[in-house]
Amino acid sequence: MAGNFTRGIILEQRKEPALRRKLRTFLNANYAGMLFDSDLPYDGAALSGEQIIELAKLARIVDERDGVFLHEKLEKARQMKIEVVVGDAIDDEPYVSSQMNPLLFMQKETGEGLRLAAKAVGNPKIYFAIYKNLSDMDLKTKLPKDIDGVEIRRIHGRYPAEFRTMDDFDSDGPTVMIGVCSLIHLYRAVYEHRIQSTCFVTVAGGCVANPMNLEVSIGMTPTHLFERCGLAEDPGYVVIGGSMTGEICEDPDNYPVGTMSRAVLALRDEEKKRRYRCIGCGRCAEVCPENLTPFYINRYIELEKYQELAFYDIHRCIGCGTCSYICPAKIDIAENIKLAVAELRRRRRQKEGD
Amino acid sequence: MNTLIGLFTLLLTALVLENAIFSRALDVTALLVIPFGKKGIWLFGLILTGITATASLIAGILNPVMSSWENVQYLRPVVYIVVLAALYGVTCLVLNWRKKDWFHDYNTVLTMAFFNCAVYGAMALTVYSGFNWLESLVYGLGLGLSFLLAAFLLEQGRRCMGICNIPKAFRGLPAELVYVGLVSLSLYGLVGHQLAA
Amino acid sequence: MQPEQNSVKKNLRKELDLIFVKNPVLVTGLALAPAVVGGFTVKNGLGLSLVFGMVTIPVLVLASFLGMLSPKVPQYVRTIAYVVLAALMLIPARMLASGIAPNLFDSLGMYFSAMALNTVWLIRAPLCQEKKPQWALWEGVCQTLGVSVCILAVSAVRELLSYGTFWGNPTFLSVKFPAMAYAFGGFIVVGVTAAVLRWGIDRVHDIARLAQRQQQKWRVER
Amino acid sequence: MLQNEPKAPYVRNRDSAFTVMMDVVVALLPLYFMAFYFYGLRALMLGLASVAAAVISDLACVLLEGKRPYPRDISSVVTGMILPLMMSAATPYYVVVSASVFAIVLVKHVFGGVGQSAFNPAAAGFAFAAACWPSQVFSYPAPFSSPAPFGAITEGLASGPAWSLFQGGVPTNDILDLLLGKFLGPMGLTNILVLATCLFYLLFRGAIGWQAPAAFFGIMVVAMMLFPRIPESGPMSLVYESTAGMWIFGGIFMLNEPGTLPKRSSSRIAYGALAAIFTILFQRFGRVEQTFAFALLLTNVFGFTFDRYSERLLRRLRRVYLATRTKLSEKKSAQRA
């Protein structure tokens, strides 16, 4: 229960309509189920660790957690003698449930996929990790104790939870975290020799008529998804990725949805942009999970004094967006920090250049 | 024993109550304007403390002697400044003879520390409050240290003003003047009245 | 003769800046100490600026003469000469001050003679050693004008605010701020006047630049 | 990327700068009701005059700086409301108006307007008024004597228990009157029970952090108990000091002004402690009756430095922590190998 005293913010998750609905597929007809030809048997039990990694390489599976190829991750974990493999289903951002929903509705594939990944790494301990936000009342779906025999460990505490889950499992030994969706694709690669051509996306937001989770073939555009789920009203803006760390998609008709885009949100432009000035209240410093002081960082960025930022540890910012969330003056501190980090990198590269 | 306590309270009054900068605004130029470099202001403060202590010691010794002259009001400032010039000459000679390079580097700092209002103020105030030589020595020491205290407070202020977006007209000297004014307003709570000039 | 004429006019023009654009007290902040606390009435202000004039002009002129000495003479000997002259000049200044207003010296107290050691001539004297005596005299006069304009302005404002009087006789102001006579009032008033002066100089520079651009446009059109 | 396009976190907290300031205004209202209950209409008129002066001078300064004035920014209203509560109900109007104009123009806008301001405007305003007109600010009318709403008040003024504390004598009011606030004192802050409710309201609403007041009140209470400045037993001197003194009101409203308070929680504790130490020293050696405002002005100087030193300390601690952790994990992997 140590999680409850973490730094961060309590968010109402607004996951509910999408999480409870069944996972549906919305595939592009001409490359729905492509297979790759390999003479390895179709049965997971007969395969050895290297063969599983070989199959993952052929299926070109990408881990949606950090965009690394699954076979590279398994290979590295194998060399480093990892002791704990964790199936990551932590959706700590509001509206997003593109990892929890597949875990709940495709329990056999995920459980078997995790066992295959463990076998590839050298049968360490295996868990599933699910984020249980403090305000649990709006999660109506009852989370089971274990999935297909694999124990579920609940990650407690406030948002952001993703960056500190490794510490929770550190007591058992060095860990590796693999996204749940890539485990499903690993199961299909082993038992059906299928290439990964789909990804799991939550379509939600204020303007979506019935928000749901979809298994979508890669390359689909947000407009297709909104037609599939139905738009209650014209969205103010479309966001690709989580509601806290996603980016605005200026051109929803042509933007291809990839493995890394967890969610496609159609949000209403609620209140007009109020222009407050920073009152120096210091809430961003209380809330920052990395114990930084975004007030001074933001103030030095506005005054263009970039050499002071190293003293305030701007490189340790994980971009979780909690400071912008809590700021009563509605200043986009996370955005300023992102631009400042890019500017500092550009200046360093320029200095090395000449 | 009570003279020791008396001396200590005198030092504290000179340090905080009759602060050289905040209550008497004696040596504001050296504090605000003259660029002594990063650590230069502290060296200047130390030299200033030494000079004010010795100057007011000499003034304390001279006072009874001078009070017997006839139009003493006219001559006293002249005598003080001449004594100061003599002290400066002696120190320059000694330094020139012993530490030539140090003197070469810190010549301007030395002249600035010798001939400024804080030193003269220390000497003049010993007459006004009627100190004997030991009390005036402690008083001079207190005034010098009060300059260092003021420099420390202003250093914090400069850092804080670095990140406030001060309007263009007030940037630099005017904002620092208002800042020193507000700190002396806060020390007014201890003083409570206008100090005798 | 023409270039000589130009350099004189240019030199004259440069020194006149001392009064407003490069005012020694408000912009460069040199002789701040007595101006801040000493001058809380116009009479004090006048006394202070008088002492400043009586001390600085002779010292700068002496500096231009001592500049002609051989460089073998170390610098600190010259500084001692300046200081002794400044001390000696205090006595005539004192007589002149008691001539103007009888109790001027008592109300000023130690600031009267502290003005003798101000930083203006301490910094300007070595620079004046390379100048010819008449330019040093001219610079001394301009410095004194600059300092006295500032001290008189500040002390007028402070007297109006704190005692509601101007040179002793009461004026229209009914609300008095007695605290403006104290040290912190002096600091704040000097700070605000420095800011107002800089704001005024910026405005003047803007107008001058506008006028210049306007002229260029006309010349181009013609 | 349009300029006013919403940026990264697309869900935002409901609190805005307006609601944060409104919390403080709402916390100040019961004090005005109490002042109205004791001193009648004049208390409200003084508050109105001070707030009007503050808002107008704030508007003028913003226009002078060339920025667009913003109606929903009510930080000057808060400063305007805090000022008259500290003064006596009989203070003339020009005192209150000039104090709030000084506070807004010369303290807030010289150092940068709403955000990080070097000094607390309300404390500086009160210090200026106490320096200029000590007789008007510190002479109090009797509580239910309902002074005339407008015009100057000259008769029926006396000095309250704070003056006897300042002289070192024991005040003669009995304890019940002191606790209920029915004694000659500043307009709004005589009843410490109402002040306690305001403190809990602000803490509950999250408008102020708990660190600075906790450190400040902790040290003050201990100092009052252990080193009473009047010949009384510890708890009695605490009762006298807290009811007659201004430091409880200051500890709630003026100490936690967002601009001058340091940002880190550890430096806030140090800031509160330093404020308490200065308040005690100023009480012992001060020459003015209510010296909390002067002590707070001096602590504001160190607000920014506490943050820098705690940042430097934290960086060193983090380096040590990372070093030990890597050593630990290496030892563990060595064991396992």
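A few notes on this one:
Think of it as A, B, C and D in the order they're written, each chain with its own count starting at 1.
Basically, contacts are C-beta pairs under 8 Å (C-beta built on N, C-alpha and C of every residue); 3 or more make two chains touch, one makes a residue touch a chain.
Here the structure is a predicted model, which means the values were calculated and not measured.
Among the remaining chains, those touching chain A and also chain D are B. When C-beta pairs in contact are tallied for each pair of chains, B-C comes out on top. Centroids built from CA atoms put chain D at 34 Å from chain B.
Separating the centre of chain A from that of chain C, both taken as means of CA atoms, is a distance of 68 Å.
In whole angstrom, the spacing between the mean C-alpha positions of chain A and chain B is 64.
With centres defined as mean CA coordinates, chain C is found 22 Å away from chain B. Within chain C, residues 179, 182, 184, 188, 191-192 each touch two or more of the remaining chains.
Residue positions of chain A with contacts to 2 or more other chains are 296, 299. Residue numbers of chain D whose C-beta contacts span two or more other chains: 106, 110, 113, 115-117, 128, 131. Pairs of chains meeting the touch criterion are A-B, A-D, B-C, B-D, C-D.
Taken in their complex, chain C has these residues touching chain B: 26-34, 36-38, 74-77, 79-80, 83-84, 86-88, 90-91, 94, 105, 107-114, 116-119, 122, 179, 181-188, 190-192, 194-196, 198-199, 202.
Within the complex, the chain D residues that touch chain C are 94, 98, 106, 110, 128, 131-133.
Every residue of chain B that touches chain D in the complex is listed here, in rising order: 153, 156-157, 159-161, 163-167, 170, 174-175, 178-179, 182-183, 185-193. Contact residues on chain B toward chain A in their complex (touch as defined above): 162-163, 165. Across the interface of their complex, chain D is touched by residues 175, 177-180, 182, 184, 188, 191-192 of chain C.
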